[in-house]
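Quick notes on the structure that follows.
Chain nomenclature is as follows: A, B and C, assigned in order of appearance, with residue numbering initiated at 1 for each chain independently.
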Amino acid sequence: MLNRLLLTLTVAVFVPTAATYAQDKQPISGKTCDELLAQYKQLPFTNILPLDEGPVAIGGEEKKITIGFSQTAFNHPWRVSMLESLQAEACRHPNVSLVVLDGNVDVAKQSNDVRDLLVRGVDAVLLSPVESAALVPAARAVTDAGIPLIVMDRDVPAEKTLFIGQSNITMAEQVAEKMAEDLGGKGNIVVLTGLKGSSPAVDRNKGMENVLAKYPDIKVLAVGDAQWIREPAVPLMEDFLTAHSDIDAVFSHAEESSWGAQLAIARANRCGDGIRHYTFDGSNAGFKAVKAGTFRADGNYTPFIADIGLRAALYKLSGKDIPGAESYDMPGSRLLLPDSPTVVAANADEWIGRGWGDFEPTPDPCKK
Amino acid sequence: MPADSSRLLLDARGLTMAFDGNVVLKDVNLALRAGEVHAIVGENGAGKSTLIKTLGGVYRPGSGRLFLDGQEMKLRSPADAIGSGLVVIHQELSLAPHLSVAENIFLGHYPKTSIGLVDRRRMHGETRALLSRLNIGIDPRALAGDLSIAQQQMIEIAKAISYKARVLILDEPTAVLDESMVGTLFDLVAKLKAEGLGIIFISHHLEEIFRIADTVTVLRDGRRTGVSPVAEIDQSWLVSKMIGRDFPEFSAGTRRTGEPALEVKGLTLNGVFEDITFTAHRGEVVGLAGLVGAGRTEVAQAICGVRHPTSGEIRIFGRKTRLRNPKMAMRLAMAYVSEDRKTLGLLPNRPVRENATISKLSRFRCFGFLRLGKERAFVADMIRRLDIRLAGMDVEIRTLSGGNQQKVLIGRALAVDPQILIFDEPTRGVDIGAKGEIYEIIEELVASGICVILISSELEEILRLSDKIVVLRRGRLAKTLTRHEASESTIMQAAALAG
Amino acid sequence: MNRASFAKIWRRVGVFAALILLIVVASFLSDRFLTVPNLLNILRQVAIVGILAIGMTFVILTKGIDLSVGSLLGLSVVFYAGLLDDHGMVVAIPLGLSAAMLAGLVNGIGVAWARIPPFIMTLGMLSFARGIAFIYTGGTPIPILNESFYRLGNGYVAGIPIPSLILLAVLAVSAVVLSLTAFGRSVYGIGSNEEAARLSGVPVKFYTILVYVISGLVSGLAGLVYASQLSIGTPIAGQGYELDAIAAVVVGGTSLFGGKGTVAGTFIGTLIIGVLANILNLTGVDPYVQQLFKGALIVTAVYIMSRTDRA
């Protein structure tokens, strides 16, 4: 009885999903190659390690190339957008296929995922790790198998072909500088961090502190853990507003948390306080909110870097040198990406459409 | 008479215990001689278990002195008591089920070889010698968990002997045993007695006192109300000392039975029982007798919808029925009072009131909501009618004595206004006072025309209450006896003997 | 007064006394604490977990556990968000609630009929329902633009936030159901001793299923509050909420061994945790340290409860 029920449920859920995939949609992102190729033109870093459209030859032979991608998780659209940049690049090369695994924000699962990729005989591994240190053994396994290993976004302190990433520290410095400038070097702020202990949250905080060290008149009234998302930010901000009547700005590590803070401000009838929002993520919705004036600055931490990762792997497989790769204080080499400019009112129009995510921003509750 | 000839082994004088100003043991004396079996009887709450716990070192008495072999003892812990040769065998057995018999006996003091490993050969050898000395035919290598309750009990006793026990206190050892196992246990007790141990024996079954004890001490409300050599007293003396009045007697054979209420034909549950046939009438008690494992409870549960028979027929007031669950049985005015209060009866942490009415909440329902006032009135009436003694109907049922718990569960069955009532061991774990009251309740029910099916391991109970006795043996109907044919020996013969 | 009745009285008022004590301490720590807007804030902040915890109370009273409530909340949230724009509230709300109830029904059938331990069954559902939420949204949050839906989560009736009113309504209905219906009475019976309840004619399977359906329905209501308050249908909504709900239930004096506890206790347990979080935020305690307070509070509350239980 139960078995039958579960079976029916499973079929009800998976048959439609499977059917949509049959129309050549890419897994997880659910987009067709045509859609992805259109998007490719907007990607910010296609000029880095450029590669022509068409089949990729290795040793003069156009054989099938399989690339494995182990992603932290697909629980956030930022992570899905990263995959889209990868799928878009793959769509340009008919003999390249992808194997994509979901690490579920679990270092143990991701370690196993990487080993599974090796068992499946992929030609190169792209890795966007959950956490740096814990994935060292998995990274070594890839290197030991003699396969190129490209690490993206967060680094792993192990031997690798290439690390590709942006600096959360310098990006946070840009945003904090903008905030200090707007405040005239003086004011009270509250901070809504990303999930505490995670490396981007630690780095964004460090970047902010680097800047605030120069502005002793900017006071941090309170710090709360908003976990990158909207829901925890609301009660935190409500309580901060209750405790402090003189908040000038909210420095939040994520757009979602900024939206939560803005909801709390509206509900507390404090829209008139003119509290400014400084945030990160680089979504199109965020850029639109900057343009509308809800956010003053949006740290442009773009997810569209996996196309570079795939190109780097293909460079390596076809024996090409990777221009710009440099050795640094960790094993292997690094390709440091230029900081995308922080999006502020002045350059918002230029960036709308080049961020990630194609959803609309939440209506500003203070403008209702 | 060993009681007079041998030396005084244990001598407790003026033991008194109080908890929070509540005196539970008052000035109790107890003298035990070597080679004597000394029974302690009393209703639940009379102070038996407090006395045992005091002798076993669990409680320290408020006042009073304790002498063992003429030497004054101050017991500070159970380990102290065991060290001085006073060992209590509790009702809940404490063997480790995954260890062997020998390992259990030597638990904590394993013999070691020269390099410090457990000396298995010596351990098994000594265990074998011990068991054969005590006439216990159990393999030292068997796992304790694979043994029957009776065998586990013997191993506990053997373990006590291995501690060089001089005084053995058996706390209701027969409560979990059936008739044939009791005999084996008593053989062992006789053997220990011959070896010069002093044995204190607690039991609810008065006939056992006369079978095995030399002396009996009666407790009531924490005081000693009587002590006597067993040879000089009879059962009514014991009962009157225990309850402070005479036990109710019933006039037998005056019941007027009516139409058939329950007809069972060829009832079979594969692998459990087969081909059970009997008829019970209004105003009649049909006893189901048999040894433990004969299938009595299973038959009763199949009749009232708890189990599903594979074949056969059940008619209730002439109508053929197939009961899928206990609720259906209740709708047909049939209720079952389980033998296993703890696992099948009580809602332990719920109030008495809820326990009493869970079977028939629709009684109090009005537009979908329970009317608590109506419920309270109903329960108050039940408490009065069944003479349930408690602090209030909102106390948790687990705080009640066994007898009062049982009465609440009977009340729960009565709440469905049953015409057929199945009692499975209604007086198990119930003190003698409550037992008499439960008999009275059953008599009243029958007199009002209800049909009662009674399952009991106590032959005396079956004989006293039943009009007709159905004896089961290994899941089959062995014999049906009328009240006139039935006696302890005819029932036991049918239940235990082949052919 | 003897010990048993002291224990009983403590069980009844002890949690409440703890809440009062916490409020007194909090009002000394911050002069902003005992203000109407702040108290209303707290009542709104606890709405989501408070609603979940009431459903969880039903389940725990039967000696079960429902680990899937956070995921069912997420499931309903994405359905509200996905359906609102095209079909409006009249369609979106019933469908979102039904999705959560259907998942609760599957939980109930798995527990009652297939006899899968509740921990396992609902752990499976935790993952399954979350998976559906991700598939439905493709991993991207769906913004909610519907104006009246926004007002549902952020508006006031008679000066009280609507989410708090939803919580109070769920509380009142649950309290009546548990104490004044045959079903509620049987829920306690099943938790106290399932076999005994069955032998007493209680439809144990049916009621067990019903309890998980209620938990699903209540998760859907919590999802309604979530989605309307935050104006976004994210598939990760409610992650980890099952543990917050369980914490509120046990702090509120409900026994994990079944058959003992009340929804009123759960509500007070929810408030205790909510007030603690609030005062820690008001006084600016470091978020790392806040975790310690919450953990210590849960363990202490349950320890006190178990001590008085034994007395």
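The definition used in the following text is that contacts are C-beta pairs under 8 Å (C-beta built on N, C-alpha and C of every residue); 3 or more make two chains touch, one makes a residue touch a chain.
Note that the coordinates shown come from a computational prediction; the quantities given were computed from them, not determined experimentally.
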item: Geometric centre: closest chain by C-alpha means; value: C
item: From chain A, the most remote chain by mean C-alpha position; value: B
item: Chain B and chain C, separation of their C-alpha mean positions in angstrom; value: 44
item: Centre-of-Cα separation between chain B and chain A, whole angstrom; value: 70
item: Length of the line joining the C-alpha centres of chain A and chain C, rounded to whole Å; value: 33
item: Shared interface positions of chain A, touching two or more other chains; value: none
item: Contacting residues of chain C [partner chain A, same complex]; value: 30, 32, 35, 37-38, 41, 45, 48, 106, 109-110, 113-114, 116, 132, 134-135, 138-145, 147, 150, 154, 226, 229-232, 234-237, 277-278, 281-284, 286-288
item: Contact set on chain A toward chain C in their complex; value: 1-2, 5-6, 9, 13, 17, 28-30, 74-77, 79-80, 193, 196, 221-225, 229-231, 234-236, 238-240, 242-243, 256, 259-260, 263, 266-268, 285, 357-363, 365, 368
item: Chain C-facing residues of chain B, complex; value: 20, 306, 325-327, 329-330, 336, 338, 343-350, 354, 357-362, 365, 368-370, 372, 395, 399, 412, 416
item: Touching residues on chain C, where the partner in the complex is chain B; value: 2-4, 176, 180-182, 185-186, 188-189, 192-193, 195-203, 255, 259-260
